[in-house]
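In the two complexes below, chain A is the common chain; its partner is chain B in one and chain C in the other.
Then we have the complex of A and B:
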């Protein structure tokens, strides 16, 4: 286009660059400095304090366990949703809309929704009771039932976070040319072979961005945990929140923040390497 | 032809109707189960929100709407701080929407229409924001915000929520502007429009639905954000931050009412623009 005014694009991106510089880059550097310094001098004191905290190991373990359980299940459900909607004509939009409803639901609300089901007098216990599985109200969300609490949080996370994976995967599936599948069918490939040999490799970019997005979000899990288990189930972001709000110690909170960032970045790099997708195709 | 194809053909000739219909049946029951998986929990929390104090203690529960009325929900709304935090949430979301579109859409247009040195670095900056748990940035910002007088204000919350929504807005509007044919814009120039006139007369109307959908999504991002809002406010809490802080003290039915109140606006908004959202995401066309 008109190359006689080459400053136009810079003028257009300038406001967002300035904004992101001030509210993304600067606080990012500040967080890192806050975490690795003490009284204005570099020091590992905050890191040490974080690592020796009683909840630290537990929160690391819980966050990783949740991510390892939740993300694959979400990918699997999203793939199932994607293959299902591809097979239907009428009613497709409505079903897609129903499946995208959780996109509008915050993790706090999701936690409260599942609280209504899993609390002592809730619907889950009522169902078990009427089926004769339990004779009196069971408690699932206390610190005495860590496994049940873990499952409850995982279920709530899966309920809430699958929609975004579904959107990314359906978009990816839409880009797979029909001819590929038809060709494979002619050469006698069954549905499973078609799925593993054609569909999955072709939606790699979509899978990659879904994995990156969901893993980063899973490391940020916080409000859903808080709503269901209070402080019975320590997670990394929850610890950062407690250090900041209850203990008023910004430095240790920043140390947690840096740890979460490092883990998120590491996971992102692993996915980028493992999938080797042309960066242009990243959405 | 593979054995499988032969056998399925054999099955089809033997009993075509039942073979096809059983597969259809399987497909639709799977779809129905997944729809129920999404919808039933929302229905149940609504029962909890409208059931009130007694509703919580009914045992065993049946899942039928017995003994529900609007009254418990209205009582919740009258609780001190609820309406105010609701309005705060709207305010923060409004700021987020305005800023992320005002700053993000021009960037999206630049990415869609121009090639310029630094374009890739800019895209990298935007993509980089994705790898970070952005809400965490609220921690160091509290210190700067206190100094600037933005701490405990809705503007402060709106600013940090814009950091979350802006990269998304830039990337999505890029796609929207790419979808508006360049030829239309060039035709407008030929007919004597200036660049700016062409943009507002030709490009903007075509891009508008997509931009509205982007705005709605920015709204939802802000409306749902918990961590930054809780860290950055004390008195002027957003609805999420308010609910989080009163969570452990509030009775069960208030928590359910709060959950429902968080869900409704964003679900209604997404419903209103679902067509355009699907188009943006590329999941509408078959």
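Then we have the complex of A and C:
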């Protein structure tokens, strides 16, 4: 029937296209224009203002550092978790359910949870104190302890963001046919070889989606950092927020937004190229 | 006939649902935002003011909302409660109703003419009615007093004495015990504009990068070695004070009130320190104003009249720690914590070496960037230890551009200027 009326599929996707056009493309174009114009004329002033700001280099460095540390750890943990539950028969659902609890918590709430653990009067200090490791409150989140602050933020981000990677990877692992592994076992392949030669190549599409999603989200990290580090750990989205909200300069905020978009698009392209997925395996 | 009947039913139903909504006077405020304070406003202060919908807005969102309503020509807000500096851009755009009749009445009721004049925002007609006032003070745990340097008078403390006090406390307790609200929502920028700069340079904008300023920053660096490094995370100082993280703190009276009211016997409250040019001090004045095109100007006028009665002004002081604009005596049974704060405010106002610094005006929506100049200088000089001269030269250029862009003339304590306030 569709063959007689080839316009039907287009008609069906039309509302979503219009919706995206109105609520995504238009603001996007407006944001880009806001970033590259000054008083209604094209101008690099806002970009210059952004690049010469005292927090710019630091926020770029912090954002990339966090992404480079957090994403691989999350992928590794998620792969380990996914492979572990694959062996479990009864109770698998319950374990998966518990593991995905952080998914249901908002970024800011997650940041506040970790703040209550790590702040001066928090649980972590209380524990160290009761064990006799420290004799008075130690601060972990101040500008004088950048390494501890970075580790705290990375741990909180890993805790919060690993669940979504795991969900994608478990879905990918579920699609790997058992026959392949059984055949490999018969030919004497050990668990490591099976994982490396069979499982990993077969879950490539899932890995690719997980990597793209997590990396883009890592470049957009904000609430956890804001809750734990405040002004002490500038990141790109945090700077966009400050320029928009506190400094009331929408143009420089737009410049940051455009920069974040460019970085995210570039990262996505890199993953698409690096993890070529066979066309027949695409949905 | 049937059609008319059903239309009538429909119309009366619509009106029945619509009228209670219309009867609410929308009162948007940038002050008394925390949930406890907003509850006090709704339940106590506005009890006799008719049907009021008290809505709180953060200052940046407030500016956006007022701008949007003015541009759209569709007004929902009937009454505004905001700071002097937040109302000034609205007055510049001619968006506020004249309130001269109310002002005359309040002058007769005992509101000082000097305060009412501030409400004119430099124009010939009354732009807002002074609502409540506050300032910034220092608070200390009583146990910290034993470390006060010899001969120092807590009510007339200097920066040198504060530094020595901080040193003594650190030596005795092993921890830096002074705290400042330098977190993302803290009011640290006001410290620089109202206290630090006037104390060391006698100005705010003109003197931004001169030799006095450079010497002041060196002093602040010396002080900062005894300041708790968590200060860059503190928004309201009442929390670290109450939690015992710091013994001495500087902040807005309303942001110290909870800690001090909870255990008034444990604290002393006193004026901010003095520098070589005097004791900088920033009075904070909040006002009430009716935007042009307000849907319920009569209701708004009634609320202003309620909030400026003697009874409600005193209730405001005891409940939320903002002080009356009417010339009234605070009652003897006032909340003990508020009485402590009020005492420090009076001592600050009465200090012989006080240097009054007004809230920035005329910067329009560049107020945030103006604050940023001070906060960036602080970050670079104090936290990152960069050379004072270089930082002040660079940030001074940023400030000079900001002043020429906005054409904002100087305000006290800077000497008056023709046109934009110069950075000398």
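In the analysis below, the second predicted complex is superposed on the first by the 266 of 283 C-alpha atoms of A that agree within 3 Å, B and C clash if a C-alpha of one lies under 4 Å from a C-alpha of the other, contacts with A are read in each partner's own complex, and residues count from 1 in each chain.
Everything that follows uses one rule, which is that a contact is a pair of C-beta atoms (placed from the backbone, for glycine too) under 8 Å apart; a residue touches a chain by one contact, two chains touch by 3 or more.
Bear in mind that the values here come from a model prediction, so they are computed numbers and not experimental data.
Participant: In the overlaid three-chain picture, which partner chain does A:54 touch, first (chain B) or second (chain C), both, or neither?
Facilitator: second
Participant: Quick one: chain B or chain C, who's touching more of chain A?
Facilitator: The partner making contact with more of chain A's residues is B.
Participant: Pick one for A:15: touches chain B only (first), chain C only (second), both, or neither.
Facilitator: first
Participant: Once the structures are superposed on A, label A:97 by its partner contacts, choosing first (chain B), second (chain C), both or neither.
Facilitator: First partner only.
Participant: Once the structures are superposed on A, label A:273 by its partner contacts, choosing first (chain B), second (chain C), both or neither.
Facilitator: After superposing on A, A:273 lies clear of both chain B and chain C.
Participant: Touching A:246, do we find chain B (first), chain C (second), both, or neither?
Facilitator: second
Participant: Looking at the overlay, what does A:230 touch: chain B (first), chain C (second), both, or neither?
Facilitator: After superposing on A, A:230 lies in contact with both chain B and chain C.
Participant: Output check: A:121 vs chain B and chain C. Expected answer is one of first, second, both, neither. What do you get?
Facilitator: In the superposition, A:121 contacts both chain B and chain C.
Participant: Can you list the residues of chain A that meet both chain B and chain C?
Facilitator: Shared contact residues on chain A (touching chain B in one complex, chain C in the other): 121, 137, 226, 230, 245.
Participant: Report the residues of chain A in contact with chain B in the complex, numbered from low to high.
Facilitator: Against chain B, chain A makes touches at 1-2, 6, 8-10, 12-13, 15-17, 19-20, 23-24, 27-28, 30-31, 34, 77, 80-81, 84-85, 87-89, 92-93, 95-109, 111-117, 119, 121-123, 125-126, 129-130, 137, 159, 167, 170-171, 174-175, 188, 190, 212-213, 216, 219-220, 222-223, 226-227, 230, 237, 240-241, 244-245, 250, 253-254, 257, 260-261, 264-265, 268, 282-283.
Participant: Under the definition above, what is the set of chain C residues touching chain A in their complex?
Facilitator: Touching chain A: residues 58, 60, 63, 174-175, 182-184, 228-230, 232-233, 243-245, 365-369, 371-372, 376, 379-380, 383 of chain C.
Participant: Tell me, which parts of chain A touch chain C in their complex?
Facilitator: Answer in residue numbers: 54, 120-121, 136-137, 139, 141-145, 226, 229-232, 245-249.
Participant: If you look only at chain B, which of its residues touch chain A in the complex?
Facilitator: It is residues 1-2, 4-5, 27, 30-31, 34-35, 37-39, 41-42, 44-45, 47-48, 56-63, 99, 102-104, 106-107, 109-111, 113-114, 116, 118-119, 122, 125-127, 129-137, 139-144, 159-160, 162-163, 166-167, 170-171, 195, 220, 223-227, 230-231, 240, 243-244, 247-248, 252, 255-256, 258-260, 262-263, 266-267, 269-271, 274-275, 277-278, 281-286 of chain B that touch chain A.
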